[in-house]
């Protein structure tokens, strides 16, 4: 195990060094990609090994960090997240070999390769951190490397703005995390998680609640729950696509990891309202995330909003688990948490896959705007197949992985009938309704995303001349597509593993055998059972049988290819196709109270007669509600505050010296009396 | 063994009965309009004819368009293997529950909407957009009705729900049960494209939902899709009938019980068909943007059903 | 409620169809419908109506076919919204220059086997529009026609007889259906 | 009649009255409003008879008759006449759109369940299961009054609210003393008459029954 750990670390470090030292040749890119792939592969194996063996890996060194030393410990929960990092990281690394070729000469390949490896390293170590300081330092390292990667295409409009938003939000969250760890560890950041675990029980309820709220804010800002999500749809799309896959697939999951680690493991669970708040935040994030995604016609922004949605679904599962935990319903709590974690890895795979697919489309057409795509399925058969698998998985269609985990989330909510207090129990049916609406809307959104991007005829010459991506990119997508199918068909492997991961956290019992029976998933008290494996098998058999029966009955097999039927019109142009905007229009009208769409219509008439129109311009936008109502006042407040502070800045050296001596005096006085 | 045989024969029965059910509703509507109407078995002739015709497809289409009819048909057929038509619980009951049934049907809808977009015509896109909109807004009602049923019966597996209601018949007239029925019935109208949500016999492209998506299909592909749509109607009818009024469903696999169950099933389907025919005579099609209001009504019904069965246990 | 009371009071109003002197009126031209198609369409025929430039007189009569009085659905005849779904094109009017190409495309879009029935005098020989600069000619100038139903416009009952005789489903002698 | 059956029937009747209340939120035409109110009152007077029978209270039969005459015959009749006189106006744009108000009404009923929970928990009445429904009906009535624009639809909302109070009183106490109930009825009648005058005046002054127009009085 230790050797795997060392392989992982050294591969990442060597990859980063190789990137910095070598140039922009294909060999350099291959080296960087290979290092990242080896590193993440080792991480995946390490995580799987820890989960399977149940033996945590500990690694401490007092020399690396000056004050306290590094404390690393990989337990089951960390191992699971390491698997997530490894899986997506490996696919993204392979993909990056082909994808980053286009950056040569335009942007710094050195920096990108190095930061990519360092980000993966920070992520892999993050889940092993065993004391607050290590955790925080790695958290910051992760944020900064991610920030550098977001800024890769720094000269494009919007990138810098997105970077600033990202940095501001992530640091606001970071501040909350520092405060949280200070509270949790009794102002000693060097204390280990084990001592925090012991100390958390002794905290007063008020400070426990404060820890919860700080954790929710800090980790929520990283995970992108609403209303802390605004940076996410800005920052994720502007990064290079393989980085977007990591950001959306893995980095935001660290928020989930942090929440589970702190709330369940370190704090040992809390009152029911904690779970209620988490579940509520999840339900709102899920629904609003998908509703905003529907209105996006920028392929990568659409996917980014879906990350908000899926984080919401994960939090619904986690929140339900925490609620059950607070009532001592341990089996149901395990079910809820398992469903959340299952959805975590599922989302990592299909969102990673979708971002890689979107990257291929971007690579081929040079645009992210769906309205300029179309017809790519004939030009990029592999990309479209993988994107379709991703779309079906994220829409929770059986028998793919999204369905398996959403089924478990539903089932854990159905367990709400066991909650004794109706004020809390009432949350469950509402969450069921919101989750169902979310998954229906997600399906609608991915019909749009796949249909408008890949089907019908090209809407622009770029789409017309699109070409399939190089093999390395296809291989990267293939890995994740395979993972989507495998995770969907083998819940009887995944769910027991997750049961092992959760065993002991917050007093949860060992449930690795509780939720599966042969090939089926079962829920407590034999409430429900379902087997995606057998369903997939049945579907395959029927798909084979139907044509066979048709053959036996001698059905007419002639097929003639002709024009599209358009009521006899003389030719079809792309302008006759349904657009993404039009596709989403009914939903925009249904949810008009949320979107508050604005509409501008200007018609230029012919100077001679108003019966002839020269041009029609139609512009419609939805009101960015959160930016306006939530962040607008906040930003104004901060600006006013900044203006106040500017008064302190006179520019005179003497004044600054006065400040310094004054501060020193105050500090000494405080130290005297405390 | 007997169970598996029954399971497969039940799927075959559903396949055979479904076109007749559609024809029966049509025939009843015609009679209510003072017409003689087509015989209920016309739909079988339609299907036979479609299977004998050639297929014409658009040159813009991809493999999605050709794959979709098979997938829609297979996924719908798979559902008939999972739901209790004549007997409960059957051996396949453990493979899938009500949630799986709903999502399998959504799988078909998803691909049908993609196929609607594939030829690149405006009609197909319009149909796909509307179908997905309605499917999405219908989803919460379905989920909540499932919630209500499942909490009442202690399971989401269909066979168990049926068996539970059979064992406690007084639950069938409880408000929760009746409200749940009303909610699911409304959603059924939306999901199977009946009035007042979608007019199954319209010729006007601009008012279409389901039809607009399949305008490009012909021959055997169209036959598969139409047949699947008929089976879908039968699935929803028999779910409504057997979930909420399970009387007649065989609890033991004796030939007599199964025979009675088959007769009861046909009677229940006919009764529901009659109700739908009456409704379709009485109701005009709603404007597309009033459909969400109808579905909101059904959502509130489902919510009431859940609260009364969930909070007042 | 009052609607259902009315439904209960009103009997079925559909008229019986008699044979009439159709043989003389309906003209089956050289392209006979082959036996297989006839068997196939005998019970179920989906019709796509194409207005190739008519004055809409024929359309009025055709749309009367769907009402309870004529009720063509009882013979398995049904209008559909797309030629892809159709077995039969029901063409009216002299083919105008603008409609010639769409008519051809519609014919091309219809899957085989298919039949074409031209309704009205205009569709046969351009009727009163004959020799106009705007018309191409009868329907058979553009696409092959199986049956002509004459009349200006033909009555609904004639159209129905024409359709049924094309399918060889008219009742023998004095029978009624 | 067995207690169980009685409880089932009263729950069913209460659900029906609640549904009639929610129907107001769905429909737009005043006619539909009046119909819904009428049927709700029919069910409610049936409920009086049911409770009277189960509780052995003869007075309630008289109340049921009185209730029926007033709310199924008289008030709907006057509402119709009012509608004819001032012209039918549709509730086409309520302050909150229809789908949203339906969902809000569902949430209100949920709230009613949570609020009446302690009441239901201590009550030993067989009708206790229906208490939240009556409370929900009161909320829905209030909601109609608050969000509807037209004076007449507001009047119906008010009447529905009153029905909710009557239902709650009956379920909670098995029939309040006749004299109190009569007083409430008279109040309603007076309120109704006052509103009738009010509607006339709004109509006369603004040629419309949109309550929004009252804003103009400020200037």
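As written, the chains take the letters A, B, C and D, and residue 1 is the first residue of each chain.
Throughout what follows, contacts are C-beta pairs under 8 Å (C-beta built on N, C-alpha and C of every residue); 3 or more make two chains touch, one makes a residue touch a chain.
This is a predicted model, so every value here is computed, not measured.
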Overlap of the chain C and chain D neighbour lists contains A, B
Between B-D and B-C, name the chain pair that shares the greater number of C-beta pairs in contact. B-C
Per-chain Cα mean versus the mean over all protein Cα atoms: which chain has them closest together? B
Centroid spacing, where centroids are CA-atom means, of chain B and chain C in whole angstrom: 34
Nearest whole angstrom, what separates the Cα centre of chain A from the Cα centre of chain D? 49
Can you give the whole-Å distance between the Cα centres of chain A and chain C? 59
Residue numbers in chain A touching two or more further chains are 422, 426, 558, 560, 562-563, 565, 590
Counting only residues that touch at least two other chains, what does the list for chain C look like? 82, 84, 109, 111-112
Shared interface positions of chain B, touching two or more other chains: 52-56, 215-216, 219, 292, 299, 303, 307, 311
Just spell out which pairs of chains touch, all of them. A-B, A-C, A-D, B-C, B-D
Considering only the defined contacts, which chain A positions touch chain B in the complex? 374-375, 377-378, 388, 392, 395-398, 403, 407, 410-411, 413-414, 417, 422, 425-426, 428-429, 432-437, 439-441, 443-444, 446-448, 450-452, 454-457, 520, 525-531, 534-535, 538-539, 542-543, 546-547, 550, 553, 555-566, 572, 574, 576-578, 582-587, 589-590
As the complex stands, chain A meets chain C at residues 558, 560, 562-563, 565, 567-570
Per the touch rule above, chain B residues touching chain C in the complex are 30-39, 42, 45-46, 48-49, 52-56, 202-205, 208, 211, 215-219, 222, 278, 281-282
Chain A-touching residues of chain B, taken from the complex the two chains share: 51-60, 62-64, 70-71, 73-75, 77-78, 81, 94-97, 99-100, 103-104, 106-107, 109-110, 113-114, 117-122, 124-126, 128-130, 132-133, 135-140, 142-144, 147, 150-151, 154-157, 215-216, 219-220, 224, 288-289, 292, 299, 303, 306-307, 310-311, 313
Note: in the complex, chain C contacts chain B through residues 3-4, 7, 10-14, 40-41, 43-44, 46, 68, 71, 73-76, 78-82, 84-85, 87, 109-113
